[in-house]
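Scrolling down, you'll hit the structures one after another.
Both complexes below contain chain A, partnered by chain B and then by chain C.
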Partner chain A sequence: MADAVFLALSVLTVGSAIAALEMRSLIYGSIALMGSLGGVAGFFFLLDAPFVALFQLAVYVGSIAVLILFTVMLVRRELIFKKIEDKRRKMAGIGLMLVFLVSVGALIMSSGIHQLESDSPPIDFREIGEDFLVYYWPALVVMALILSGAVTGALVLARREVENGSN
Partner chain B sequence: MALIEFVLVSVALLGIGIYGLAVKRNAIRMLFAVEIIINAANLNLVAFSRYVDDSGGQTLALFSIAIAAAEVAVGLALVVVAYRMYKDVDIANFRSLRG
Partner chain C sequence: MEFELLACGGRQIMSVIAPTFRLSYFLKSILDNVFWIIVLVTLVGIPAIQIVLFYIEMPVINGELLTPFLALTWLADPSRAIPIVKAFMYTDFFRIAVFPGFGLAALVAAGTIFVERKMLAKLQLRVGPFYCGKVEGILQLAGDGLKLISKEIIIPAKADKPIFWIAPVAFVGTAAAFVSLIPVAPGWVVADVELGVLAVFAVIGFFPIVTVLSAWSANSKFPFIGGIRALHQMISFEIPLILSLLGVVMLAGTMSLTGIAESQEFIPWIVFLPVGAIVFFICILAELERIPFDLPEAESEIVAGWLTEFSGMMYGLVQLGTYLKLYAFAALFTVMFLGGWSGPMLWPPFPEEIITDGIQLGPITATIPGLPLLDQAMLNGVLWFLLKTVAVIFFILLPRGVFPRIRIDMLLSLGWYKLIGLSFINIFIALALLYAGVLGPGGII
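What follows is the complex of A and B.
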């Protein structure tokens, strides 16, 4: 049962990741990206990490994908459907990907990590909260500052400057 | 399920992301590729956290998701600015970001 779910999730995740990059329309591409991110959230559920999975669903599928959709809609219509790439570059990219996949895959297969099996109980989310507030609280504060800085920076960047005559 | 299956899915996602970054010239699609790579890293973190039985991986994955959200906000703002300047999303046309 779990293996069937795993197989379906991996097909969904990898397939929609490819679709996100290869779909002709950027709008369908961002919807496929949503599928891929949702598939990763499903993997988190399989790994007994429901807290991270729900965080992933809320942040990625809920906000980032919607943000990307809105940005895509700001772009002119003919640019959404235009595919900009050349054939030779694409072949080189596929070659690079295959070389990477084969070499890293062989490296992982020959390493010792497939003897690792888990029989330990899943990690409680209370432990994550303790991690956050006891060991990593300075990082939490810095992350809050980074987030507010990023939002402010994005707003400043995207603000439309009204100059005399332009716009 | 063994750990290696999750790691292999993560490697596949990373490969797809590298392909997208290398081939695509559309700025928004390159952001998609970056998102896919970040997700591959998060999947690895959570998988290892489950099998090594350490909560640090999940904590780090949560930090990583939050930072990725900030990165996407800034990246999309840059795309919007560049689109407003050049009326295009092809990165080969972005010569400079000064007005």
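What follows is the complex of A and C.
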């Protein structure tokens, strides 16, 4: 069961990633990108990490993809760049990708990673939260400072000059 | 007078068209009907039922496997039908399609549409729907539904057809996914997710995508303007919406919606976090595109906004999705701030003597096994939940009769400055209550 789901998710993720690159229509390309990101969320569900999966859905599919859609809709319909179709270049690209993936796969298969097996339950997100508050608290403070700086910066950038003293 | 004469003439013509009654023709038509019913049932109906039954897992009731023969026998005997109904009520299909899922939500949505029209009319000293169904226009909704189903679906010539067809279905699907996360009574929820609040955020994020895609695919200027407005509005109000729920999550110490509802058995969180509740309510209004935030559908400026090009049942589906979403948001407000199903016991207990002695009708005594069908706590919970949800829906509908539409820059500055600031204040209130040891896990209350 899990294998079938894994295969389906792999086909969805990789297929829609290729579609996102190859589609001529920008809108359909961004929809395909959404499918790819959703497939990654599915992988997180398979790995017993619903917290990460739901954040992947909420942030990547719900916000980043919307941002891309929004940008695509505001550009003009005509393509800005002229794409030179070259069959041999395409074949060379596909070949290079295959060689790279096969070599990385061979490396991983020959290493000890794929033999790792453990019966320990998946780490609960509560434990991660407690670790963040107790042991890694400087990292948490730095992250909070960066995020609040980003929020403040966004608000300052978005602020309009008050004209004629009225808003 | 003339009208009556015409009517008489019509009746005469009608009598000419209908053939004269003959007993042999009458019997022949009855026999024909019987013949075709027998042929169709034996050749099509029974094989179809067999094929379906082959794939359905039948439940075991009272130690017996429920075969179709047994089911028909029991259903013919009303005193034994209740175990079958009970077994059906605990299937997943019933949960998804009928009770805490789609059926309940669609019923509340239909009621909301009717009440909205009637209440707005009363607010503005109009009559509202009046003629359909004689009594206060109570069948207006059924009439509207029939009209929408029978209308032609028109697709704009230069529309992007696949997206345009999928968009209404995806909208209803997203709204239904939202509805499935809402717990209605203890244990009565379609999908009891441990990270319910996060799942709600993930589902809400799909609404702007569907909206803007459908607006773009119509290839028309009014939907496009409406879609861009909807995108601005939904994205900017999602942030205070998420932030305003964080206070509740901190105090309850869980992200499961069921857990949050159970955590306010005695005091609802709105007592401690009124700021968060107000921010959340305003964000609901903006996410639902209700007046005063109905810029995406502003009918006096851009025809009907992003709904302009939808026709027939596609428009009906989008409306259904909108009202399902309204029910889901009102229910979410109830669960997060008003205590969900908790409330004093109002529902009367099921009379004991019917369970023990059965129903006595003169000389006949009927003992019915399997009673009570639903326990008292669940019915009481549903009652309280629906009361609170309906009250929230009422407050969502009310501004439509009172407020004008606000400008888009006012909307954005409200969302980005005031509401985000207030929701941070709400988080600090929650933190203060938590660290002072008043509330939360291990608190005084």
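Going forward, the second predicted complex is superposed on the first by the 120 of 167 C-alpha atoms of A that agree within 3 Å, B and C clash if a C-alpha of one lies under 4 Å from a C-alpha of the other, contacts with A are read in each partner's own complex, and residues count from 1 in each chain.
Definition applied: contacts are C-beta pairs under 8 Å (C-beta built on N, C-alpha and C of every residue); 3 or more make two chains touch, one makes a residue touch a chain.
Since we're looking at a predicted model, the values are computed, not measured.
Judged by the touch definition given at the top, the superposed model places A:Leu21 against chain B, while chain C stays out of reach. Comparing chain B with chain C, the partner in contact with more residues of chain A is B. Residue contacts after overlaying the shared chain place A:Leu57 against chain C, while chain B stays out of touching range. In the superposition on chain A, A:Val66 makes contact with chain C only, not with chain B. After overlaying the two complexes on the shared chain, residue contacts for A:Ala158 are found with chain B and with chain C alike. When the shared chain is aligned, chain C comes close enough to touch A:Met34, but chain B does not. In the superposition on chain A, contact is made by A:Gly105 with chain B only, not with chain C. Once the two complexes are laid over each other on the shared chain, residue contacts for A:Ser120 go to chain B alone; chain C is not touched.
Note: residues 51, 55, 63, 155, 158 of chain A belong to the chain B contact set and to the chain C contact set alike, using the contact criterion stated above. Those residues of chain B whose C-beta lies close enough to touch chain A in the complex are 1-9, 11-20, 22-26, 28-29, 31-33, 35-36, 39, 42-43, 46-47, 49-56, 58-59, 61-63, 65-74, 76-81, 83-84, 87-90, 92. The residues of chain A lying in touch with chain B in their complex are 2-3, 6, 10, 13-14, 17-18, 20-21, 26, 29-30, 33, 36-37, 40, 43-44, 46-49, 51-52, 55-56, 59-60, 63-64, 67-68, 71-72, 74-76, 79, 83-85, 89-90, 92-94, 96-98, 100-101, 104-105, 108-109, 113-114, 116-118, 120, 122-123, 127-128, 131-132, 136, 139, 143, 146-147, 149-151, 153-155, 157-158, 160. Touching chain A in their complex are the following residues of chain C: 160, 163, 193-195, 198-199, 201-202, 204-206, 208-209, 212-213, 216, 224, 228, 231, 235, 413, 416-417.
Taken in their complex, chain A has these residues touching chain C: 27, 31, 34, 50-51, 54-55, 57-58, 61-63, 65-66, 69-70, 73, 155, 158, 167.
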